[in-house]
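In what follows, structures are represented as structure tokens.
The two complexes that follow have chain A in common; it is paired with chain B in the first and with chain C in the second.
This part shows the complex of A and B:
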């Protein structure tokens, strides 16, 4: 039994799969309507935006040097608000969506510039931009939501294809596949992990360390921009506070998925499992009538537990290596 | 052990003080009522909590850490204080309880960071969200309003025309300035912040210092909680939401290095006044207060950038004469820790 527990704790895939099964069992007991294919597929729509943010966050964390992006939620808010303003100015909603994505890229690139080029520690730079972007979103809308998007725009966030939510089938899965291909099958992808493990060694291997980290922050912005489009389509409004709290979710999922907080370790597959775990958890908490603010508290507890777990397993690994 | 190193304020702090003076001159020139006694009194009263909380923030940032949970801790303490004074508990006892609660919450942060070795930004991001939920749960959707004015005299009563709270803040600052500069504990903070490995090698128990620092920081927030109740006479669910941002900004503007090991309370006090005067100026000029967070966020980025650029130049100066590769390596090492 002790060996089994240790094996589960050491393998993130086993651990998360077991956690997922446990959550599904508990949910099925709480609600008889939970365990249907239809419902399970529908629930995935709640995870679409945070899946994108968590992928970006994971790669920023994997690139090391204290890499973290606290501004993802604010980037979603600001991109969405600018999209709404562009639409209000008479621009077609689809072009406005492209504007939102470009804004995300710009905001992410600014983070990348501040951290990688100027050399600010990521946590303080993105804490600063988190407040800046979020506050700008509020200033631009004066706090009032923008709505009145055309019906057809809702297709992205509310429609389904073969019972699968559109945003999952057409955006999240392709994005995950493309980024996984880049990370695991291209030279650039492998460089991310080397940069995260040992940036001095990476430099001597002629890897452009700063450029790598800059690109990952920009990617995080790009994914936040895409996330803001999905979010706007899903809610059919652009609100300045829509992204608040998303940074905690993204970081928690990345770490729960096995991303080691000091960089260089962790796999995107684990992160996707963690997205499922957290996504399955929130409707359950709603069924149990637990307020959204407590869900953030629970995420906080999971976050600390997950970092501790990652450190436990990497300590065990290095002990094994010494033996 | 560290006799030769006394971390006195230096040029970086003078820069903040000069900026503060320029800011005051600017606002008094463009806004007639800025230098009025009422406005200055208001600045003192409104900056008291931020000033107190920033002491603890300075401590943990010198250590190379950060604390995002201060606002949530302030909220929890203020709610307890509010409930206690409503049921007529002795003010002295309330003060002790407030500090004790603050310290215990800070201790939790300290244990997570010191013992579990979880990076401070992650640990306090988590405890901040847990704390905010606790604040929400304790208030249960209501305001805590109409509190008896037990602590209000520290805001309203005056000595030589200056609110009592000013002297309390000054006293606490003097005490901690002494600890930071002349006590072993203070030196240990700087040593750990500058080079954790070296600090361990000379026999400093960095885990103990970290736990203690976060606990003390929490205790100080407890005092700030009392000041909040004294000033506002009520507690609402959004209490302290902006506090972490403002305290971090004040400390960094005051010249404490975000990478740890450098900084002083003189600078922090100047930073606190800089932030408060700026907020005051924003109101006087009629700029929508929604801009406040954006401006403070930008100020953080600018201050940290200035520090990083100055640091690079110092390193470059030291490295003149050494081969290019070595210079770059030194830069890397500096940034690495």
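This part shows the complex of A and C:
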């Protein structure tokens, strides 16, 4: 039994799977509607945007040097707003979507430039751009939501294919697979972890440290841009405050998923499980009639618990290595 | 005053992992005498000294101080008994005043519990007088003092604590000639006052000059004990190296008719190195000897394209390298194995495999950058076997290996593709003697296959053992070249110290 508990604590995958099963069991006791295939599938649409942001966030964190992207929420807001403005200016909604994604790339590249090229600490640089991007979104819209998107646009955020939400089937799953391939099967992916572990050693191993980090911030922007399109289609409006708070959720999920906060370690599979845990939790808590204020508290508890767990398992690992 | 025993060690041993750093060391220090501990880098001098100063604990053995057995469990115990240590690189708080540095952690308090500045000032002035520093120094920032004076302040701190045994760890390695002379005068004065000194160094001339007793350490064992009248340079060197220095392993190679593969012309970088010119032929081993901080690693990093030069140029196969970068260096086959395994080499969170393949991932992938994991595995497996890296599983973390095997991983990282110019910076620092020999053999084999080797080391016997020529560095300048037929430890050392022989 002791061995089993230790194994669960050491393996993030076991731990998160167990947590997920526990949440599902508790929720289905609390509500008979919870455990239906239909409901479970529907819940995943709530996780689509945050899944994209968490993937970007996780890779920024994995690349080390205090890597963190606090601006993802603001990038979602600003990209979405610019998409709405483009649409209002008479551009087709699909072209506007591409614009939103390109804006995300540019905003992310600016973060990458500030942190990796100029050398500002990521926490400070992206805190700054979080305010800049967020304010710009508000200024551009004067705080008024932009709506009136064509019905057909809702297909992405509200439709389903074979019962699976469209954004999950057509975007989140392919994005996850492509990025996993990049991370685990390419030179660039391997270098993310090497840079994150020891950037001096990486430099001496002829790895382009700055470029690696720059590209990851840009990727985080790209994924935020895609997220903003899904968000706009889901809500059928573009709002300047739509992304606020998403950055903290994305960080929570990355850490819960096992990303080492100092970089170099952690797997995307764990992050996806963590997305499921957090997504199941909030509508679950709603079904169970738990006040929305408590939901945030629970997220906080999960975050601290996850970091403590990371510390525990890395201590165990180094003990094992020294042996 | 002399003749009375102050301090003895009996049967002290210490192991780190599998490496025996010290084995059954015995020593005795008399009151008012200087005992020198001599040995190559890695002989166990630092470990021994840290045990005496309480920074490390021995596995076995007894320590006696003034006739009583004592336990030194931490540095405070050592200070309480009367043992002080001044480390090679002074541990100072550069932003605090000299006065504050003298009393850090042991401030004098008034009866109300506030800091008694006047009393501290008075005591400090007394302490500085002992090392012949003027009182006004007390108000200066520690960081504004020269390294030599910083060291004197630390010695003053030890004396102020009424230390009976003062340990000096390679004190002259960072001092100028004049500063060294001042230190020797101080040592003589302290002896007069009955203070005993443990003096750690590998500079034989100064040891002969100041010591009453000498012990020589090699591979963690005491190989020889001399008193002042028995010791000679030759006897010490023989005891240190345990064999003739230029022995056995060196093999003559025929590289003389080759054209240099790399040529460095008047390379300068401000505050690091000045007017550096040299060349290396394929198959040649050019040794670089100089003290830490003499600019040798910086020159190496410039060749590797990792530091930018201010002026001068580098020619590779007769063509000037323009826009040099690490990428450019690696494409040309100029590889660099950095000096510090822990901070510059290891990816400690990752496996032996990841560590080995790190520099040549592109050669194990297709043109789209997709890794061929099977290729990687095969290449790594081959390297693990070829360089006899002792591991059962290449998926194990690199830090599960011994230091020597970690070093072999980092070296073989750069042997996946054949180097043209291989720069090795302290390739055997802190590793066991067996692995060291293996690495030496490997370096010779590489040279025989036509690799130009730049071998940087502070281990003089190592440089002398392997090099065809030695280039000496002192304060960022080349102070000379020594051909193999003219190599003497004394001659090379003199050049590295900036003394023209």
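Rule of thumb we're sticking to: the second predicted complex is superposed on the first by the 318 of 323 C-alpha atoms of A that agree within 3 Å, B and C clash if a C-alpha of one lies under 4 Å from a C-alpha of the other, contacts with A are read in each partner's own complex, and residues count from 1 in each chain.
Everything below uses one rule, namely that contacts are C-beta pairs under 8 Å (C-beta built on N, C-alpha and C of every residue); 3 or more make two chains touch, one makes a residue touch a chain.
Small disclaimer: the values here were computed from a predicted structure and weren't measured.
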item: Which superposed partner A:163 touches (first chain B, second chain C, both, neither); value: neither
item: When both partners are placed on the shared chain, which of chain B and chain C touches more of chain A; value: B
item: First, second, both or neither for A:264, with chain B first and chain C second; value: second
item: Partner chain in contact with A:128 - chain B first, chain C second, else both or neither; value: first
item: Partner chain in contact with A:150 - chain B first, chain C second, else both or neither; value: neither
item: Partner chain in contact with A:200 - chain B first, chain C second, else both or neither; value: both
item: Contacts of A:299 with chain B and chain C, given as first, second, both or neither; value: first
item: First, second, both or neither for A:248, with chain B first and chain C second; value: first
item: Touched partner set for A:188, first chain B, second chain C, both or neither; value: second
item: Shared contact residues on chain A - chain B and chain C; value: 200, 203
item: Contact footprint of chain A on chain C as seen in their complex; value: 304, 306, 326-327, 329-330, 336, 338, 343-350, 354, 358-359, 361-362, 365, 368-371, 373, 397, 399-400, 413
item: Parts of chain A lying in touch with chain C, wherever the complex brings them together; value: 185-188, 190-191, 193-194, 197-198, 200-208, 260, 264-265, 317-318, 321-323
item: Residues of chain A touching chain B in the complex; value: 65-66, 68, 70, 114, 118-121, 123-125, 127-132, 134-136, 138-139, 142-143, 199-200, 203, 245, 248, 251, 255, 261-262, 291, 293-294, 296-297, 299-301, 303-304, 307-308, 311
item: Complex interface listing, chain B residues touching chain A; value: 66, 112, 116-119, 121-123, 125-130, 132-134, 136-137, 245, 248, 252, 258-259, 288, 290-294, 296-298, 300-301, 304-305, 308-309, 312, 329, 332, 335-336
